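Pasting the structures here.
Across the two complexes that follow, chain A remains constant while its partner is chain B and subsequently chain C.
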Partner chain A sequence: MSAKPKIAFFDFTSCEGCQLTVIDALQTHLGLLDLVEIVQFREAMSEKGQNYQIAFVEGSCTRKSDEARLLAIREQASAVVALGACAHLGGVNSMKNRWPIENVQTYVYGQNGKDAYESYPARPISAVIKVDAVIPGCPIDRHEFLRVVQMMLQGRTPRLPDYPLCVECKLRENACLNTLGILCLGPITRAGCEAICPSYGDGCEGCRGWHPEANFDYMREILRGHGLSDHEIDARFTMFNHYQMEQMSGHAPLSEAVAPVTDTSLPTSSFAAPKED
Partner chain B sequence: MPENIKVNVHHVTRVEGHGNIVVDVRDGTLEKCELQIVETPRFFEAMLRGRPYQQASHITSRICGICAVGHATASLRATERALQVQLSEQTKLLRRLAFHGEILDSHILHVYMLVAPDFLGVGSVIPLATSHPDIVKRALRMKKFSGDLCQTIVGRHTHPIAMTVGGFTHFATVQELVELRERAEALIADVDATVELFGTLPWPAFERETEFIALVQPDDYGLIDGKIGSSDGYELELDDYRQVTNERLAPHSTAKHAAFNRDSYMVGALARYNLKHQHLSPRAKAAAAHLGLSAPCYRPYLNSAAQVVEIVHCIDDVIQVLDTLIERGIEREDPAPVTLSPHARGVGACDVPRGILFHEYQIGEDGLIEEANCVIPTGQNLANIDRDMRALVPSILTEPEEQITLKLEMLVRAYDPCISCSTHFLNVEFTGK
Partner chain C sequence: MSLYILSKEKLPAFVEALQAGFRVVGPVRTPTGFAFEEITQADQLQLDYTTTILPPKKYFLPQRETLFKYHTGSNPEGAQSVDVEPVFQDVQPTVIFGMHTCDMSGIMLYDKVFSEGFRDEHYMTRRDKMVIIGIECLHPCDDASFCKDMGTLTAPPIYDLHMTEVDDDYLIDTGSEKGERLLLNYSEAKMATTDHMQRLGRVLSAKWPRFRMRLKMSKDQTPSLLTLGYNAHIWEELGERCLACGSCTNVCPTCFCFDVQDELDINMQDGERVRVWDSCQLHEFALVAGGHNFRESKASRVRHRLMRKGKYIKQVHGLSGCTGCGRCERACLVDITIPGTLNALHDEMKVESGV
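Right after this comes the complex of A and B.
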């Protein structure tokens, strides 16, 4: 037993869908359990081992106390793998970064509740600790997960495809959605999911992040051709990649409408907030 | 018997989320007993502001990886009701299939991987694979089917791809449906064995009367749309959901607490069983009898038994819906059209694995979301869990601390709290000094 590398799973701010995908992958590839020993997996087991070599981290860093936990994981693990878009990019969590944090807190919890829960703008884990490998996607692709684990066990460094999703989509002989009036971010998105969304008739939303040569101006032109306003285009660009777009702002500025709101006034609507006693 | 008890289970494992149970007994009196939510909130409602309505279901499915189809469905229904979309019969049937796929997946995960290890005395499903390989293999077969069902209809369970406002972007072929039909039929032996297994488990006898809330429809065990039914004899329109959920902030938890006619209510499989057991399939009714369920049932631990009953019902319903679709044939329909108008509001509701879920949006004439609210089942159950724990603890105080801890953890697990939703959940903290 002791010769097997020990692996552990951790979750931060996430929907836990990536961990569920790992459970699914294990179901069809039980052999993986012969190669590694899982010492922590909160979603599937009560046992907690503190001794591990590879840490898989799901979720974004969204509060100060997450940083210490991430640093402790980094300290222990010889390799840290970002599991899914939340950890890799900030993912859906980073959509809230558009507003000052008090604004989102007040909208959801009201004036009285806004300070009850610690939170700050969402970031990928690489903003806090060094990350050795990434498994992109929202959720991750189970085959890619298995491939990455195998490569790491062989001491190799997994590499992500550095070409656009369209390459995979064409290989699957899909009719291009952008020519059918359905918007798709395939031209700027990093390949690796075998274009699963376009294959099911729905445009890519960029959950794997952008490929290195992504041409945003060209993508904007395509989306304008669909009749989208700049605001709508930015809404598309920022569903999973708000944090990335913030970081890249010089190269791909967001339009006013989606750019971070600097106005610090709090929302007055109580649509989502609980009753105040 | 200990006079002072301190239970402190941090990050109760095997619930999908994080939470703490805190129990404080001093000199034999219960001072404090509550479920604390410790995870960071995610602010989905705030994030939806300013987003095109077409993105809402894709964004909100990311609230929870386990209830992804449920959130997408509630989201689509809210949008569709705001934008006056009329769905085709085929769309309703296909959505029902995807929805059942998720109920099956979630219930199987919960009863086999999270509940069964408690009763069989193992820490988790991983040692269970060694001690009871047949049980785990059966669970995996059933889970594989539910995953494949979702995949065939919507591309993926987490997160569904092909569900969109007004319909679908992809259509399974009749041939694929025929294959699913055969597999569903073949699964009945596993379903029967599941009922057998859970029929042998010693469910704790604890009971406490409470109010149950579920979606009700006149002649169906329907899980999407309907009215809000209460076991206290009320029936409300979906638009009036705020009267029921009445969200308030509890100081110790990130989720908002809910209360309708009493100081708490319960949602989920047991609530549905109590409110609409008469519409279960005949086989599901027989399963309920075998598992010792009879309405009204006030034993929260039996929520897991009610989930087993729903596994039976859903498989039967899947077969029936597949038969209907196979006979009708599948048409590649365009999504039904939307009508935009100023400040259009819509409420969508469905009864997801853990109970009734509401989404409400206000959408502007420009198609951008102006306001959003999501009320998740676990949030609605929290107040009820607190009250159950307070009723339970005094009756088990004489037991050893590990027993108390296990029973409390099992109680919370019976509710199947999915905390990624509001946020996340679970720890037991005995803090007596």
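Right after this comes the complex of A and C.
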């Protein structure tokens, strides 16, 4: 292989946990650094090289001002990879889309919030720029990250599993959480994480997005069987995937209009809203 | 062949003796049920288990199996080269304890599938090292079982040893010389007497009424029923319900389909070719180059599974593709069951049951 391809990492609205997973992967798979040269990675180094071929973008687009930065990255990079649920789906950030943005700004930042802090409904980066590959998950799976990098270096199109999590869960011989009274969205969620949460007894929350044949009607039936109200089921469906549900509204109807909710107050929270100045 | 008797209290010593020369596998208790796992202590073995999520097929055809390793590079003339290093995974002397008769029927089918026509060396090499010790089922696992309908309530002729619990003893039938040698060399089993045989006969006759029939037709009728019902309405209904999760095939003791993939090492030069379990219930399964999918709809995939279980496998290999173990029914979150489907088809087709 001749000159190593240059790659860069960028973050938007996110917890940066996916980039931490990349740093972790660099420690367990040192060979990765023989394949690529990292020129920009705020989380791990101070250099800010602007000459890169592959851009890995973590985080969702939640501000008008994010758009120009995304477009600049797209302009420079030959390939853009959405890194993790926020960039891929909008992720948990898109839960706020259920309320008018002014209410969210006031709730989070206090009375001056809407003037002091810019915000708008959260979207995946694919809503703003063309995305060439996706590494799903909250956070990403390091092995999938490595596979996607390898495939891109080979000039292949990285592909994601297009079947539900149940496949991987069964291969590990996990008892089905849904039959044990633990809510699990595995039947509608895209596989690829080796069913890590269900393997430790936690139901899947859908962080990898839905698989193409997700059967929402019967998933809803299963969740009703757990005693969930339609409102609670909608909350489950929109935890990571509010933006998707909104986009799919005809095919994956929620029991109520997705956004905005009619009651414009925010749900009561155990976290106190900041005191106003 | 020959019938031996081993008292229950002598079983742990048999297991421990075997551990010196074999990997010993059997049903063990898990937090939620039972699973086939390697036995490290003799008292883990739970021969009175009901069922497991995965059948013991995972020891015959692992979920993920390396077929070979490859090393790419270039020779001194600069031409690309590939060296292939064969791998035979999990080939080790193994005793599998406590296989139910339905699961042994599954392995009987596997043996045909992987040896007839194309001989699968990976399967066969592993299989040669396996010793199967069956256990006679005296009670149904649960309501999902329909082994009696499928004729798998009797041990098929693939066991090396087959045990039946008779009061405080196991009466052990030898199915192969290998099994008999094992029993004589590693246990304190003794030849059974006429009295033992009579006791065994009583236990075996008493078990049959405990198992119910669930099909409205004889298993011999399922191929013609499925032929008639190819365009039945029920497939659409089932397709609508199906989650396309593949759980039914993954837990099936007769499903053997696999996908083959190359996994590249981080150095981008070496790698391995692996096979992993695949499922005809997944969208990608019948997708071919150019984008055509032979079974695009879930309805066509559900139908395909039933066709395989009740007709095609029988046509190709002479054995039923379903053992009546009930695992697919237990695994399905939307209540798609083989007896329910065949019975509904039977009603829709109004076929005379003949039973």
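One rule holds in what follows: the second predicted complex is superposed on the first by the 259 of 277 C-alpha atoms of A that agree within 3 Å, B and C clash if a C-alpha of one lies under 4 Å from a C-alpha of the other, contacts with A are read in each partner's own complex, and residues count from 1 in each chain.
Here, a residue touches a chain if its C-beta (ideal position, glycine included) is under 8 Å from a C-beta of that chain, and two chains touch if they have at least 3 such contacts.
Fair warning: this is a prediction, and the values are worked out from it, not measured in the lab.
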item	value
Which superposed partner A:L71 touches (first chain B, second chain C, both, neither)	neither
Touching partner for A:M219 - first (chain B), second (chain C), both, neither	second
Chain touching more of chain A, residue-wise (chain B, chain C)	B
Touching partner for A:Q150 - first (chain B), second (chain C), both, neither	second
Which of chain B and chain C A:N93 touches, first, second, both or neither	first
Partner chain in contact with A:H29 - chain B first, chain C second, else both or neither	second
Chain B versus chain C as contact partner of A:K170, first or second or both or neither	second
Contacting residues of chain A [partner chain B, same complex]	12-21, 24, 27-28, 30, 33, 38, 42-48, 62-63, 66, 91-93, 95-96, 98-99, 103-105, 107-110, 112-113, 116-119, 138-139, 182, 196-197, 199-202, 205, 231-232, 235-236, 239, 257-258, 269, 271-272, 274-275, 277
Complex contact set, residues of chain C against chain A	30-33, 35, 52-54, 58, 63-64, 241-247, 250-251, 264-268, 276-277, 279, 282-284, 298, 331, 333-334
Chain A - residues contacting chain C, complex	1, 29, 31-32, 34-35, 146, 150, 153-154, 162-164, 166-167, 170-171, 173-176, 178-180, 186-188, 211-213, 215, 218-219, 221-222
Touch list for chain B against partner chain A, complex	11, 13-14, 16-18, 39-43, 45-47, 49-52, 55, 58-59, 62-66, 68, 113, 123-126, 129, 140, 143-144, 147, 154-156, 158-159, 161-162, 164, 168-170, 246-249, 251, 254, 256, 360, 362, 368, 371-374, 420, 423
